[in-house]
Amino acid sequence: MLTRRILIALTAAAFIAGAPAFAQDKSIVVSSTTSTQDSGLFGHLLPLFKKKTGIDVKVVSQGTGQALDTGRRGDADVVFVHARGQEEKFVADGFGVKRYPVMYNDFVLIGPKSDPAGVKGTKDIVAALKTIKSKNAAFISRGDKSGTHSAELNLWKVAGIDIAADKGPWYKEIGQGMGAALNTASASNAYVLADRGTWLSFKNRGELDIVVEGDNRLFNQYGVILVNPAKHANVKKSEGQAFIDWIVSPEGQKAIADYKINGQQLFFPNATAQGV
Amino acid sequence: MRAPSSDLPLMLEDVSILAREVTILDKITLKIAAGEPTILVGPNGSGKTTLLRAAMGLIAPTRGRVTWGGREEVPPARRSIVFQRPAMLMRSATGNLTYALAAARVPRAERKARADELLDLVGLAGRGDRPARRMSGGEQQRLALARALAKDPDILLLDEPTASLDPAAIKALEDIIRNVAARGIKVVMSTHNLGEARRLAGEIVLLHRGRIVETGDAQSFFTQPKTEDARRFVAGELLV
Amino acid sequence: MPTDTSALDLILRADPALVGIVRLSLLVSLSAVVLAALIGIPLGALIALTRFPGRNGAIVLLNALMGLPPVVVGLLVYLMLSRSGPLGSWGILFTPQAMIIAQSILVMPIVAALARQTIEDLWEEYRDELAALNVGPVRRIFTLIYDARFSLLTALLAGFGRAAAEVGAVIIVGGNIDGFTRTMTTAIALETSKGDLPLAIGLGMVLISLVIVVNALAWGARRASERYAG
């Protein structure tokens, strides 16, 4: 009977589909942010790490808040995010063992080439934001409680603007990831704060370009934390720690520095720096 | 493989069937014994189909009882029915037959050969691979008849098998029915074609408004009807 | 997957990453359909052939569940399979198995509801015939399922279409892990968010072509077998 044969074949297929999970025992799950994933950094680092240790790293990329929550629930072995305050709370609450600084990249202010607010050329991000506000130039905000969103809100605060109260129709919160925010800005010729990595690998730029960069207040620090095996016994402690040890080692740090798009370095290793 | 007992005689004892307060069969008492075909005649709505279904055991009588070989509640292992519009299974002609043979517990190894015999019997030899549902009305009736014979029944109930067939197809089917009867299978068939009743009957049962008006052997029924209704029916008048 | 090449190039060169993604998509969705069929067809048959209190409610519920939002199913399966959830000890969150489970939950109501309707209609037609052939209750169920096979195949295809097209459930429970749980739809979502719209559309074309090919194969199989068994 034809149908029976098809059924058997499909059931076999179901098992084959499931097989990789059993085959790749030496693997860890890293919950990370969309920026590290979308920029292609992991695509560069993980083969190097695998070659050295044989450990497969599976990256689940989410917003920083969700990535930490995935760790908190015990669904990841390592978290690799960029929101220092939240990371320190994660460790203080006992969900993480220890936070290691890894690297930083920087945010850039993206805007239309026509620059309707006239902020191009300045290095002062705070002044630029003030100008955008005063001219009611279109601005796209992530609005998703991500690391980038936190950084943007912080910059408004530094600029002395209570954005929650002062926002008008010019200011749009889209509640989505970095790529979606850039797509929206590209479609509506608006300003948007983005991490440089995502911007460099972003293809649908339309009339967008970098308008402000290089301000110290635009630096974005990444940290890596092993999820606490005392909270979740399933955490692969030795493999997870091996990943952390490698990424903060001179070899891992060099690999980060070597990652470039169009000759531009995206991430700057600083595992040995203090207080970041 | 075959049970030693028989489903004959088939007895309807004071059987009444009501559907939503409407009397379909009214105090029917009828004995169906081995022998020549029994033909049920009567106008539409006289209760022929319901009587056949009760005889098959598909409808329980509201009152009275039906017995097969003196027993009640007998599964239909030794009696078969061909409905007026038989439902063909979604398989080939042979597939329909091997299915019925399997249901009749015929060993798998014998089914194909038996199916071929049955196809041959109903004049469908060589057409076993055709999808049953794509056959003509006459072919479907013959295939249904072959399928009904798969369980090697004592009694074969046929509900107006020739209705809506053309004369050639009717002739083919009547020949098969005679052939079946000649093998010692009791045929009980309904029709409202009097010529057909005349051609096939050993015994005639005339139904009207759910009652038996008259029963008797075909010869005397057609030549010397005992009741006024039977006389009018034989004469071709309308019973209303 | 290299992003500096067009989707057409990737297809023409049979890019291994793309092939892996297509293979995973097919395996996950087909496996989900098989699982859904193993549960949904007997369930549909059961509801079609039995009478019990609340049956009408069950039918309405089943029909309504055909429209389950994938993202809700994904979230529920995520909470079940999470280490902190009741089935956390299975350790299958962010694996293809989790994706199969989520998709089979999405597909099962479609298969069950359509199977219920088909088998009930067929049962109306076959009831007297099967009783007359002295067919017992077990053989009856297999007969109805077998004879409804062409309609059931259509139901399975509808289910496969839903599974292959959805992104909300697999991205939550699979995590869109490169080379492991990345499917056509999650890859499309990712490329869209990277702003690589041409590649995303190219992948979308591949997905649509796949669905068409699967349907064409099933349609051909149906035509061929109907010719012999119709």
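Observations on the model:
Should a chain be cited, it is by its letter among A, B and C, assigned in written order, with residues numbered from 1 in that chain.
In this section, a residue touches a chain if its C-beta (ideal position, glycine included) is under 8 Å from a C-beta of that chain, and two chains touch if they have at least 3 such contacts.
Please read these numbers as outputs of a predicted model, since none were measured by experiment.
Taken pairwise by the contact criterion, the protein chains link up end to end in a single open path, with no chain closing the loop. Closest chain to the protein centre (all Cα atoms averaged), using per-chain Cα means: C. Here the spacing of chain A and chain C, counted between their Cα centres, is 33 Å. Centres computed as Cα averages put chain B at a distance of 47 Å from chain C. Taking each chain's centre as the average of its CA atoms, chain A and chain B sit 79 Å apart.
Residue positions of chain C with contacts to 2 or more other chains are 149.
Residue positions of chain A in touch with at least two other chains are not found. Of all residues in chain C, only 125-126, 128-129, 131-135, 139, 143, 147, 149-150, 226-230 touch chain B in the complex they form. Across the complex, chain A is touched by residues 3, 24, 27-28, 30-31, 33-35, 37, 82-85, 88, 91-97, 100, 146, 149, 153, 175-178, 180-181, 190, 192-198, 221, 225 of chain C. Note for the complex: chain A touches chain C at residues 1-3, 7, 10-11, 13-14, 16-18, 20-21, 24, 29, 34, 37-38, 40, 42-43, 56, 58-61, 73-75, 177-180, 182-183, 186, 198, 201-205, 232, 234.
Remark: chain B residues 53, 56, 58, 75-77, 80-81, 83, 86-87, 89-92, 95, 99-100, 103-104, 129, 131, 133-134, 147-148, 150-151 touch chain C in the complex.
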